[in-house]
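In the two complexes below, chain A is the common chain; its partner is chain B in one and chain C in the other.
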Partner chain A sequence: MTAFSLPRNEADDFLVALIEKQSLFAPVEKDSIISYQLVANPGDALWNFSNSTVPPKGILFPQTETLFKFTGSEVSGGIELPPQEKETVIFGIRPCDGRAFKIVDHIFGWDYQDPYYLERRARTVLVGLSCYEPASNCFCTSLNGGPSSKEGLDMLLTDLGDRYYLEVLTDKGGKLLNKNRKLFALALDSDTKEKNSLSKKVESKLKRKVMSCDELQKKMGDLKEHKFWEETSLRCLGCGICTYLCPTCHCFDMQDEVTDGKGRRVRMWDSCMFREYTLHASGENPRPTRVERFKNRLYHKYKYYPDSFKITACVGCGRCTRYCPANLDLIDILTEIGKI
Partner chain B sequence: MRNIQKIIKDGARKAVARDDVKYVLGWTPGYGFRVSPFFARTAEDTERLIFSPLCANNLTIYLTLQEKLPLPKAAALDKRKIALFVKGCDSRAVIQLIAERGISRDELVILGVPCGGVIDISKLEAKFPQAIKVEAVEEGEKLSLKVDGKSQEIPKEDILLKKCSLCEYPNPLIYDVLLGEEKQKKTKDYQGISTFEEKSPNEKWTYWGDKFARCIRCYACRNICPLCYCDSCILDKLSPQWIRRSVNLSENTVFQLLRTFHLTGRCIGCGECERACPMGIPVGELNRKLEKDVRELFAYEPGIDIEEKSLLSQFKPEDSEDFIL
Partner chain C sequence: MENPYIPYLAVITDIRDETVGERAIKTFRIAFQESSVSKNFTYQPGQCAMLGILGKGESMISINSLANDDYLQFSVMKMGKVTSGLHECEVGDAATVRGPYGNGFPVDDWKGKDIILIGGGIGQAPLRPVINYVLNRRKQYGKLTLIYGARAVSDLCFRKELLELKKLKHLNVHLSIDKKEDGWKEFVGFVPDNLLKVHPSPKNAIAVTCGPPIMIKFVIANLLKLGFSDEQIFTTIENRMKCGIGKCGRCNVDNLYACKDGPVFSYAILKNLLNWSSG
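For the complex of A and B:
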């Protein structure tokens, strides 16, 4: 695909154009927490950050969403799909979080085509931003990603100092480019060289690594009853940080919220780290302690998911490790698994 | 002064050697500035234990966290004690748990460590984003750091957790063994809270509404809290469902305020809720406000004496009633 170049001092013009015709989500910092928010001013968008606290997954898969409304047993107004608004652009996605959408696509488009997610996904353009200063717990290169990985994205911008290098990766990205074509110049061969060497330099800054996905998938097949799990998960507090801040965790619950016979069916994120996640109506719980719950989370990511979809459900963003209040360091844990 | 690391390891080794001790709960260094809670079961394990201003975790939570499954047939209940390291604030959680009959004193071997305050690790990570191996030693008002072989000195006041710069109880109030030298107390200061109290209800609502709106309901604040140990939490109940799982300002506010009220006269101010919150919600401010009220209205402080009755189970005729409308 063709590459383009955007002078740094015109970068804001690109955002202005995006805000005008699309709904633009961009990384925004508030009280030191970085999350993707709908922005109205280009100045609110962050360009320099290692990664967001909260991944952008909630834009396509909201933490709480109404599936439909009802009165008594009558469903009213049919199934509510995401409203047909303007096209959505998520700007400034780190390559790991872009790959995460590609991974999650498998589950939402599997045996049941999830109209809510897929509809939003089809109407959203993902504009990535290559990493420049990876965080200390980033380990994307071990998960087949990298600071300039393109998978899952529609466009990728790379900061070359006085200009941004833009790669158009899909038709969706191409259409968005064409709407704003006058802002971009064709990239020179020297730009491409500079971008490639920068990517290598940034990649060398990543210090943490684990074994390959294939090795991990194979290794975990033999470890199910190992005592390692009990020792490791003893310090887990059973909170939902690792799942809720994970860009690929996608489990949800559905509940009816009813007042005076009127209500709505709501879908909300759920966490396999919670006790009631597997609690049966009978009172039986097949994952009664944190040992089974913690083990299941890792098995789901590195064994069951690749068994089903040929792709590991982890992108190496390191958020689970960074935010775990009991320091269950996933990278250390995966390394330990390799040593057993 | 003897090396605190040696004192800690010696203390842990003696405890773990006892026939009536199951394991020693302590801290072990992780990657970069991180420190992990650690269960030491053998003398060899105790070599991995440390104590430094990076040891933020209040280990008391692990006394009540363990799920108790039915024992297999003919298996005997393991009645051995748990040995654990406690800082000043942690020891108050232990006292409160004992006072509430959440745990019994003779189930524990308490290893007290005086603490000069713990560090807000995110501030150090911002200064040294690529640190791999770190050693931290407290030297009076300074923190002497060795980051990947390079030595640095940082004034502690700049990087302490907020609750530590106001700490009244740096020294454990309950222990079987005290390891290390006692530290100087600081004076409690409710200045920030008093300033907030003077604001109008609208201003207060704007402030907290903004914070609660970003709560993701991961329940880390509840799960890390040593005094949130109900077997069946109201938040997990489905029938009746008191709090909806929907994440919005209304439900989030109910959750946050309910937790705060449930901890009134019980919160001992270890600040773990605030440290754990990935969304930067200053949960501790709510607890400090109620701590101040309880102190001013009823001259009561939790987690000081294991014989003390809980605030809500004692009535004194002279109790303040000005707040009753």
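For the complex of A and C:
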């Protein structure tokens, strides 16, 4: 793997080049919310932030998207697919959110291929930005991640003060580099050393930790009927914010909309925290209360997903803890599980 | 890349009333618009498909015809938006189909065994193809017993067919209704009680039960009482589904998806899973 270096004062030139040739999504701050938006000016992109409020998952798995259009219920009208989008670059992804795409790849690529996610994924280059200031509820190192974790990303930039250290991680990343090769110098061995020691330093800033994924998976297998779940889920309001802001939550609903004889089938994010999510038309509900729903969410992340795909469906970004209106602290909950 | 969300376009060719009332059941026969689709659409007893109407949505419905039948058939209880929409349809109206989905019953593993089918209400729909599959290969299976019930005579699904089946010698049919009605000569009471009365032997047998969750719960308890092992008992999980292909998440029972890993599960698998039924 080759590494490169980009002088800080030329960083904007890189973004300008990306804006010219691709659709560039970058972290943008508006009304104190940081989210990934399509940008037209390099100045709009944030380089210094802890992590975004909203993860970039919605760019590849939009909150609402049209699956196909149809004309009334007329069979003759047939079905029309949405047009293909142009190549996209998502810039400034934190390594945890990069890993999240790798995790979500499993569900969308499992058996039946989901063309909407997978084709968008194939046309998108993920440019990561190493963490330098983890937030108070970050715990990525417990989930096999880290401030400079590379999984899921195509490129990784690390801020070395007067310059950025760039690692090319995939062929897709290599192609993007070659298009902009003249901006980058080959990195020196001293750059690599500096980057590695910086990563270690940032890692030491992470204060919160839980037991390993393997231990958690095993432990939860033993706790299915424990009263702990009832006590813990009492505080949950069932608002679903943890699922909407989770970079690995991927549940969706499908609905038909018809206006003036023209219809579309839409899929939109859904949440396992909602009663309606599992409610049968008959009124039967296999997860009738918040206890079952809360428990299912955590089991899905730390037990079912690793049982099925050999990877835990959590990256330790801490958003669910940070934004929970009832102050439910996931890290505390996982720690408690370890003590039972 | 193939798009599994695009349904096949089809047309409703036949509609029959099975039961009437607020939760009426109708049986629909469906023909694909493209003959190449019909040719390639093969399935096992117990498999399902997303039956839909553009503008209303889709519901996962058990296919109750057999792959070598010259028709594709679904029986639908009027319940939510899509099923109510289907009930308003007339012959010639458009419908859509995605599938077939799910695992189906392991009918070929059951060869040489006695088969006991225990159904309630619309639960007869997934059992219907099992009956016909076995009847088509009668010598390859042992005794075939059907224990089926509904709330009232007018709620018995496939009533005409059931009466025909009763005439067959190599099939034992035991019907029941919940409350006494004039002229009813068969069992009066709940399906799990009729099961105890019929008292099938677990020896070299397989028991399959489909119906309301509460009925399934008591049927399984009674099967265990009769000496059936967990591995001899099969049922179907009919959870709410949207995608049908293991993505949208809602039909999960632990790490298994009812749409893909099910709908058929042995009790040996099911009994260790959380929330498989609130019944």
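The rule we apply is simple: the second predicted complex is superposed on the first by the 324 of 340 C-alpha atoms of A that agree within 3 Å, B and C clash if a C-alpha of one lies under 4 Å from a C-alpha of the other, contacts with A are read in each partner's own complex, and residues count from 1 in each chain.
To be clear about the criterion, a residue touches a chain if its C-beta (ideal position, glycine included) is under 8 Å from a C-beta of that chain, and two chains touch if they have at least 3 such contacts.
Everything numeric in this text was worked out from a predicted model, so none of it was measured.
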Field: Superposed partners chain B and chain C on chain A - clash or fit
entry: fit
Message: After the superposition on A, what does A:325 contact: first (chain B), second (chain C), both or neither?
response: first
Query: Which partner does A:111 contact after superposing on A: first (chain B), second (chain C), both, neither?
result: second
- prompt: Which partner does A:282 reach: the first (chain B), the second (chain C), both, or neither?
  reply: second
Query: Once the two structures are placed together by chain A, how many degrees is the angle at chain A between chain B and chain C, based on Cα centres and rounded to a multiple of 10?
result: 90
Query: Between chain B (first) and chain C (second), which does A:244 come into contact with in this model arrangement: first, second, both, or neither?
result: first
Task: Could you look at A:303 and tell me whether it touches chain B, chain C, both or neither (first, second, both, neither)?
output: second
Query: What is the contact status of A:49 with respect to chain B (first) and chain C (second): first, second, both, or neither?
result: neither
Message: Tell me the contact category for A:64 with respect to chain B and chain C: first, second, both or neither.
response: first
Message: A:290 in the overlay: touching chain B, chain C, both, or neither? Say first, second, both or neither.
response: first
Task: Please work out whether A:265 is in contact with chain B alone, chain C alone, both, or neither, and reply first, second, both or neither.
output: second
Field: Closest Cα approach, chain C to chain B, once both complexes are overlaid on chain A (Å)
entry: 6
- request: Name the residues of chain A shared by its contacts with chain B and its contacts with chain C.
  value: 253, 255, 288
Message: Which stretch or stretches of chain B touch chain A in the complex?
response: 30-32, 34-39, 57, 61-62, 65, 67, 69, 122, 125, 129-132, 211, 214, 216-220, 222-224, 236, 238, 241, 244-248, 272, 275-276, 278-280
Statement: Residue positions on chain A within touch of chain B in the complex are 30-33, 35, 50, 53-54, 63-64, 133, 135-137, 205, 207-208, 231, 234-235, 237-241, 243-245, 253, 255, 257, 266, 268-269, 271, 274-276, 288-290, 321, 323, 325-329, 331-332
- line: Seen from chain C, its contact residues with chain A in the complex are 1-7, 9, 11, 33, 53-59, 79-81, 83, 93-94, 213, 238-240, 242-243, 245-250, 252-255, 260, 274-279
- prompt: Within the complex, which stretch of chain A touches chain C?
  reply: 67-68, 70, 72-75, 78-79, 81, 107-108, 110-116, 118-119, 224, 250-256, 258, 263, 265, 267, 270, 272, 277-282, 284-288, 292, 295-296, 299-300, 303-305, 307-308
